[in-house]
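Note that the chains take the letters A, B, C, D, E and F in the order they are written out, and that residue 1 is the start of every chain.
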Amino acid sequence: MDGGLTQAESRELDARIQKRQVKEFMNVFGNLVDNCFTSCVDDFTSKALSGRENGCLSRCVLKSMTTQTRLGERFGELNAAMTAEMQQKMR
Amino acid sequence: MSFLGFGRPQPTSAEKIAAVENELKVVAEMHSRMVKICTLKCIDKTYREGELAKGEAVCLDRCAAKFFEAHQKISDQLQKETQAQQAGRGGGFGMQ
Amino acid sequence: MDGGLTQAESRELDARIQKRQVKEFMNVFGNLVDNCFTSCVDDFTSKALSGRENGCLSRCVLKSMTTQTRLGERFGELNAAMTAEMQQKMR
Amino acid sequence: MSFLGFGRPQPTSAEKIAAVENELKVVAEMHSRMVKICTLKCIDKTYREGELAKGEAVCLDRCAAKFFEAHQKISDQLQKETQAQQAGRGGGFGMQ
Amino acid sequence: MDGGLTQAESRELDARIQKRQVKEFMNVFGNLVDNCFTSCVDDFTSKALSGRENGCLSRCVLKSMTTQTRLGERFGELNAAMTAEMQQKMR
Amino acid sequence: MSFLGFGRPQPTSAEKIAAVENELKVVAEMHSRMVKICTLKCIDKTYREGELAKGEAVCLDRCAAKFFEAHQKISDQLQKETQAQQAGRGGGFGMQ
């Protein structure tokens, strides 16, 4: 994959990858907040979250994490399969 | 004061600039998400009036307060769950 | 905040901040156009905006600006309060 | 070596490149928003046909024209309102 | 437009433009997948696409391409007209 | 010093880094779109339960599989149509 990068270059690549992961995580987090807030908060007669809203948000976070993990596993498997198939075709 | 340079004593200027820039970006994105979501929740889409109705204005204020509270709670919960997961099966949250 | 940036570095930082503000403004503007067009324009029997559509767009722009300003103020207050609280905890 | 240096007589090449790049980006974003919005307004989501129906095609043309007109009007109005606000209470539009 | 860029600079500009076009194309493709999948796939009783879903996706891709081309043409015309008008005003 | 220099024998390190980075980005975006779309299709929005229901979990698995299949098919079709168009009237797909 890195065929002949110098040490400095591979450090640069690592830094970029880390930067991307931070960005990815921020996206996931932002989408989670959006989705859970949209689904759970609908009462604007007070400015503090109600018990019902808090419970809903907490369950939404849990479920979203499990969803994320499960889809992450599926994505990994499907991506590996697709990559293998494409490499097959290329020969 | 360092940013992504873990365990290093002195952040370079480039790192300091990147840290400030990143902070700005995080705040700007949160702001932008809040505006989108609270507009959706509070503003009447027929636009028969050009002025904010009293009810809309109050709704925006409360929506903003609730959004911050939810943001903080979700952030805390995520941190706790991730730590619990890492202590447990070594799994993580996110893309694998 | 800038603990020991050279002049050149702090100019670089200013330039980046300005670049981000331009980007932010373009986003706000784009979202406003999207939102107002989606809400106000629904009649495609002619290719020019009707009087009703023009009126709706104009009111939508006004209301969106007030919304933006109001939420901007709230965001500033809430963000300041949150930052203060976090600094409190860190001590 | 500065970047968006206003008020300077000679833009550097880096600035010229950045300006062209930015222009391209603005146009590309406007295009992308228009495609999204006009597809939503005009195209039947059942996709029983692979060809554009006559009505859909006409709708797309008119939607594009209206989108440009609206874009221009909103841009003009925003400029006027912002100037009026700045002349008035010194306030601004956007994130504070 | 390029008033006095050196050869190296105009190569740099070309590279950036190409990078943007790649990005643009990826966006168009991603939106197309999103839109067609959302519109056409709704049956999760099996893990393979059904004949109906495949047909719908294929027609959706065709229609989206025609839409993209048509709107691209309109966009080009309208943008040229707007640019001409603005240059008129500036004199 | 060129960038995506096609047709050149030896890619520079900067090009190799850019290629890896781009690959990562493409995969991350596809992942992110899949999560968004399959959550929408499969997850009950009332959040009465914090655990994934059996039906939801199965739906996610199938949605992921269908998403990959659709992604691949659409990609193949686009390539074919674009080639046919280019062979035909020299037109292209996308922004003109």
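Criterion: a residue touches a chain if its C-beta (ideal position, glycine included) is under 8 Å from a C-beta of that chain, and two chains touch if they have at least 3 such contacts.
By chain, UniProt protein names: A, B, C, D, E, F = Mitochondrial import inner membrane translocase subunit.
Because the structure is a prediction, the values reported are computed rather than measured.
Student: In this assembly, which chains make contact with chain C and also with chain E?
Tutor: Both chain C and chain E are touched by D, going by the contact rule given at the top.
Student: Among the chains, which is located farthest from chain E on the basis of C-alpha centroids?
Tutor: The chain farthest from chain E, judged by C-alpha centres, is B.
Student: Centroid from C-alpha atoms only, then distance chain B to chain C, rounded to Å. What do you get?
Tutor: 15
Student: So what's the Cα centroid distance for chain A and chain D, whole Å?
Tutor: One centre to the other, that is 29 Å.
Student: At least two partner chains per residue is the criterion; list those residues in chain E.
Tutor: 12, 16, 24, 28, 36, 40, 58, 62, 68, 72, 75, in rising order.
Student: Hey, what residues on chain B touch two or more of the other chains?
Tutor: Residues 28, 31, 61, 65, 95.
Student: So in the complex, the part of chain B that touches chain C is made up of which residues?
Tutor: Contacts found on chain B: 1, 13, 16-17, 20-21, 24-25, 27-28, 31-32, 34-36, 38-39, 43, 45-52, 56-57, 60-61, 64-65, 68, 72.
Student: Which positions of chain A touch chain B when the two form their complex?
Tutor: 15, 18-19, 22, 24-26, 28-30, 32-34, 36-38, 40-42, 44-49, 53-54, 57-58, 61-62, 65, 68-69, 72-73, 75-76
Student: Sort out for me which residues of chain D touch chain C in the complex.
Tutor: 1-4, 22, 26, 29-30, 33, 37, 40-42, 58-59, 61-63, 65-67, 69-71, 73-75, 77-78, 81, 91, 93-96
Student: Using the touch rule from the top, collect the residues of chain C that touch chain B in their complex.
Tutor: Those in contact with chain B are residues 1-3, 5-6, 9, 12-13, 16-17, 20, 24, 27-28, 31, 35-36, 39-40, 56, 58-60, 62-64, 66-68, 70-72, 74-75, 78-79, 82.
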